[in-house]
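In the two complexes below, chain A is the common chain; its partner is chain B in one and chain C in the other.
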Partner chain A sequence: MPNQNGSVYGLTILSPIIDDDRATPSHDLQIRAYLAQLSTREDSPFAVAPGTHLARLVVMDDVIYVGMPSCEEHLKSKYLVFESNCDGDLDTYLAGLADSIPKHLDAIWSHCVGYPTRGAADRDAFIAYMKSCQLETTFYFAAVNDKSVPATLRALQIQTAVADFIAAHQGDDPVTLQRDFIHFAAQLKTLPPPPAGSMGPHRTIKTGGHNE
Partner chain B sequence: MSKLNATDIQGFVLRGYNLPVGRYLFLRLGSAKKARDLVRRLLNQITTGQRWDGGKPQSTLNIGFTFRGLQRLELPLASLVTFPVEFQQGMRQRAELLGDTGVNAPGNWDSIWREENVDVWLGINGQTVEALDVCQASVQSVLDETGGASLLGSQNAAAEIINGKPTTSEHFGFTDGFGNPEYLGVERSSQPGQGKLSDDGKTWIPLATGELLLGYADEAGELPVAPVPHLLAANGTFMVYRKLHQNLATFRAWLDHQSKLYGGGKEKLAAKLIGRWRDGTPIELSPEKPDPTITQDPNQSTNFTYGADAAGTRCPIGAHIRRVHPRDAFGFNGRLIDRRRITRRGLPYGHFASEDQPVADTDDRGVIFMALNASLSRQFEFVQQQWVQYGNDSHLGNDKDVLMGSHGGHGRFVIQGDATPTNPPFVCSRLPDFVELRGGDYFFLPSITALGMIALGLVDPR
Partner chain C sequence: MSNINGKVYALNAITPMKPWKTWILRAVFFVLGHVKPLQNDLINLSFIEFARWVIVPRRAFPCLGKGQLPEELKYDYLLFFSNFNGTWNQYIDAFSAVLSKGLNLVWRWSEKFPGSVPVTLFKEYIARVQFDTDYYYTAYPQATANDLKSAHIVQSSFDSLSAIATQSSPEQFAAAYLQFVLEVQAHLGETGEAPAVG
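Then we have the complex of A and B:
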């Protein structure tokens, strides 16, 4: 089945970018400039809005002719490609984006053809627009197990906390260990889950991870 | 494929010399004309990969250039711009990407790497310090006569000598230097566990030549990214030089303290960090004790895989040798790692202190790490960034390599165990920095032909 794999949804949206000779800089460059300054950490819009495992935004100008034996082809428009691995039901996810990060969505998608006049503030129009630009996703990033974003963050938090607990209590006598563990487990339950995007390594450079 | 032309390849690239002492000279080149004259005069002294049928020489000499060095030699711009960008930038500018931050940041490097611009690395290896002196004197006279370069500094290095014989120990007390890969066409006694796994997941075969040398097909069947013209690149390679200071006092105190908490004992804890007992026995093959019959048998000492130890109960998933050479640990019969292999050269520097001798972190000791690869970014930099300074590929989250990682007091290392009392699970936390980077750079080691072209001003990219 396309799009859905277990509880995780693979979303692909292709939005044509406005082609306007009078716009300076052009609409595609304005999107690029906006995307380039977005954070990839916990203040990323897709960390602020609920439900995103992994999202990617790409401005696709054209397909590139790579020489023989390929044939030369061109796109009819420039496109903004939005790919997201997200939790569950699509309407809920898109509504979550519209409610949490409307300014970001408008700043990006207002350069696209047919974006609602009132932007994400018109939640139903926004959802309808995004769905009209949707393509079927048949194959996508596999490194998300079948857990929701909050469940994944919670698991990472527990893993880190338990490892810290073990490190701090190695060699303790069983009575102390049990007492402290009961206390620790009770405390852990009350902790809020960590913010999305906060569990990765702290890097001063902005890369997607790998260096090539 | 046929045998490589060993006389056209620098000997340092093709083989570890196993000579007990080394001295690395760092030069600043003068005017292009004089610098080229210097290279021309050194040409017949450069050690090639030719076999030593008459026994080992007293000393060897090899040469490499930084990008600045090649600029000073006035290679044509059309050639210079074709060098890979990481080489053009040099290691200092790659610091953030490599995780060389905090105590390892360029601002804390030795002054020669922090303030100077090293153009040339001259590597001298020898049988004795006297032999190094003789070779250096000969180099110095060429420097003086040509005025082609000045000596910015030098670095001595030496193997630990035990009972009159050089060893492959390093300062933390581990036997090093087992795992260099084997490449197609490089004449070398073949050893299972080096090279790469074949499709059956059991047999070891040589890696493609293009993983070490420019101008040959690599593991993807492509020619590695290389400068033009082809003749400038072919039979050459790139080298990373890193001076790694070892905090021996910290290491010893940490190991003593942790081993009091660990049920397997001090030596097993040390072995779990590296993946080898201190004598070099792989714990994957002998989890309970060192076994000299394994270390002395080339058919065993590097001949193992991790497929049957996915949980890491024998060799921890984060053990140093498992991180930097995961073999089959990522599945697919090891194919995911075949383009991430490096060839290590290098020697320790500083005074060797036995276990009963007092040591301090400030003592000048460590290892000169030199690694050769066709692509600095795809091979060395990838291993450093993803496998040493990060743990995701091994499913270890943000954990870094226990010995090499820059932990800043926050590191963690997990020893997976089982229900046996002598092999308990154990978590090491608040790891200090055992190793600190003191500087280094990226060098291009040309072929003998390319050196001649550089010396005679014949590099022609047209």
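Then we have the complex of A and C:
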């Protein structure tokens, strides 16, 4: 199934935006204004809801004319594109969004045609609506396709901690090394997983410079 | 609006295709999807986290009624979404240099596609058919695709070493630890803010 690559799901949704001459500002601009003030870090709605690796929202105003001899044509509607790379099963993912961030979903998608009257609070209607706007992915590539978001965040956390441990324990005798490693591994287990959307702990960049 | 979040760039592109040509492209993608060695160049490029192509037939744009007019289009459209590390120029340069045949196979069915080589014309085409991202989220903005692969390698080795740490003698552990360091030493690059490009 082209929407799925390993355990990662490639969700592509095109939601037609309401075209209403009386709306001021227009619905597409209202979506853009709302998206412009949304955080993209730990407090992003997609960090709060489970299962999103990467996601984007794009207002597509029109198709693009590439010049003669091709024909110029235009869309009758503007579309809100939602492209998400998420964990596992689509129904579970959409239900997770509806349960975790209903206000954000309503604020964005209430400007789209056919969005449920009760919004994401009506979870089944929300899932059915999103599926009615879904496009099947023709070809989907994922560099890592067998790890969930929490597993990935955990691996990044361990990678950083291990680098620090190795740097700090060069040349230690076997007894000290083993004792400290066991303590380190136990401590690492108790650490909470890092939050999604975070840049991670601040670390001084040791490299850099012109065109690095 | 930003196409960039941390170390990832979101590229969106849409190109028109004559409807009869989309069937050829579907066949190309079918082969690409089922013959894994053909994906090697894409995998080896190593700076693409996720990418997808979506063919939208001219009558398949979602139409939900309720006052929405159905689209009346002559062309089918090919949507391309990529999440890659590095700058736009680096990405298109690498795409053109490494994947030129593959790219031509995918986009030659789109109207006015000039070919992926020479790169100047290719860049002009991509710039023309690209549209900007309004909101872009990544769960791990500090990491590149290579960082992710490396982190999983480190974790796997770390888990193996942890499992034997309490059961071995200090000397046995030291030998295993040395082996562990050899396994992971190439995968400990720092994540975090990207160095300034200027």
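Simple rule for what comes next: the second predicted complex is superposed on the first by the 193 of 212 C-alpha atoms of A that agree within 3 Å, B and C clash if a C-alpha of one lies under 4 Å from a C-alpha of the other, contacts with A are read in each partner's own complex, and residues count from 1 in each chain.
Here is the rule we use: contacts are C-beta pairs under 8 Å (C-beta built on N, C-alpha and C of every residue); 3 or more make two chains touch, one makes a residue touch a chain.
It should be emphasised that the depicted structure is a prediction, and the values quoted were computed from it without experimental measurement.
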item	value
Touching partner for A:153 - first (chain B), second (chain C), both, neither	second
Partner chain in contact with A:163 - chain B first, chain C second, else both or neither	both
Contacts of A:123 with chain B and chain C, given as first, second, both or neither	neither
Partner chain(s) touched by A:200 [first = chain B, second = chain C, both, neither]	both
Chain C versus chain B, contacts on chain A by residue	C
Which of chain B and chain C A:171 touches, first, second, both or neither	first
Overlap of chain C and chain B interfaces on chain A (superposed complexes)	156, 159-160, 163, 166, 199-200, 203, 205, 207, 209-212
Chain C-touching residues of chain A, taken from the complex the two chains share	2, 8, 10, 12, 14-16, 19, 31-32, 35-36, 38, 40-41, 44, 46-47, 52-61, 63-64, 66-67, 70-71, 73, 75-77, 79, 81, 83, 85, 113-114, 132-133, 135-144, 147, 149, 152-156, 158-160, 162-163, 166, 173-175, 177-178, 181-182, 185, 196-200, 202-203, 205-212
Touching residues (chain side chain C, partner chain A) in the complex	1-2, 5-6, 8, 10, 12, 14-16, 25-26, 29, 32-33, 39, 42-43, 46, 48-56, 60-75, 77, 79, 81, 83, 110-112, 125, 128-129, 131-143, 145, 147-152, 154-155, 158, 161-162, 165-166, 168, 170-171, 173-174, 177, 181, 184-185, 187-188, 190-193, 195-198
Contacting residues of chain A [partner chain B, same complex]	156, 159-160, 163-164, 166-168, 170-171, 199-201, 203-205, 207, 209-212
Residues of chain B defined as touching chain A within the complex	96-97, 101, 261, 377-378, 381-382, 385-386, 389-390, 392, 397-398, 412, 414, 425-430
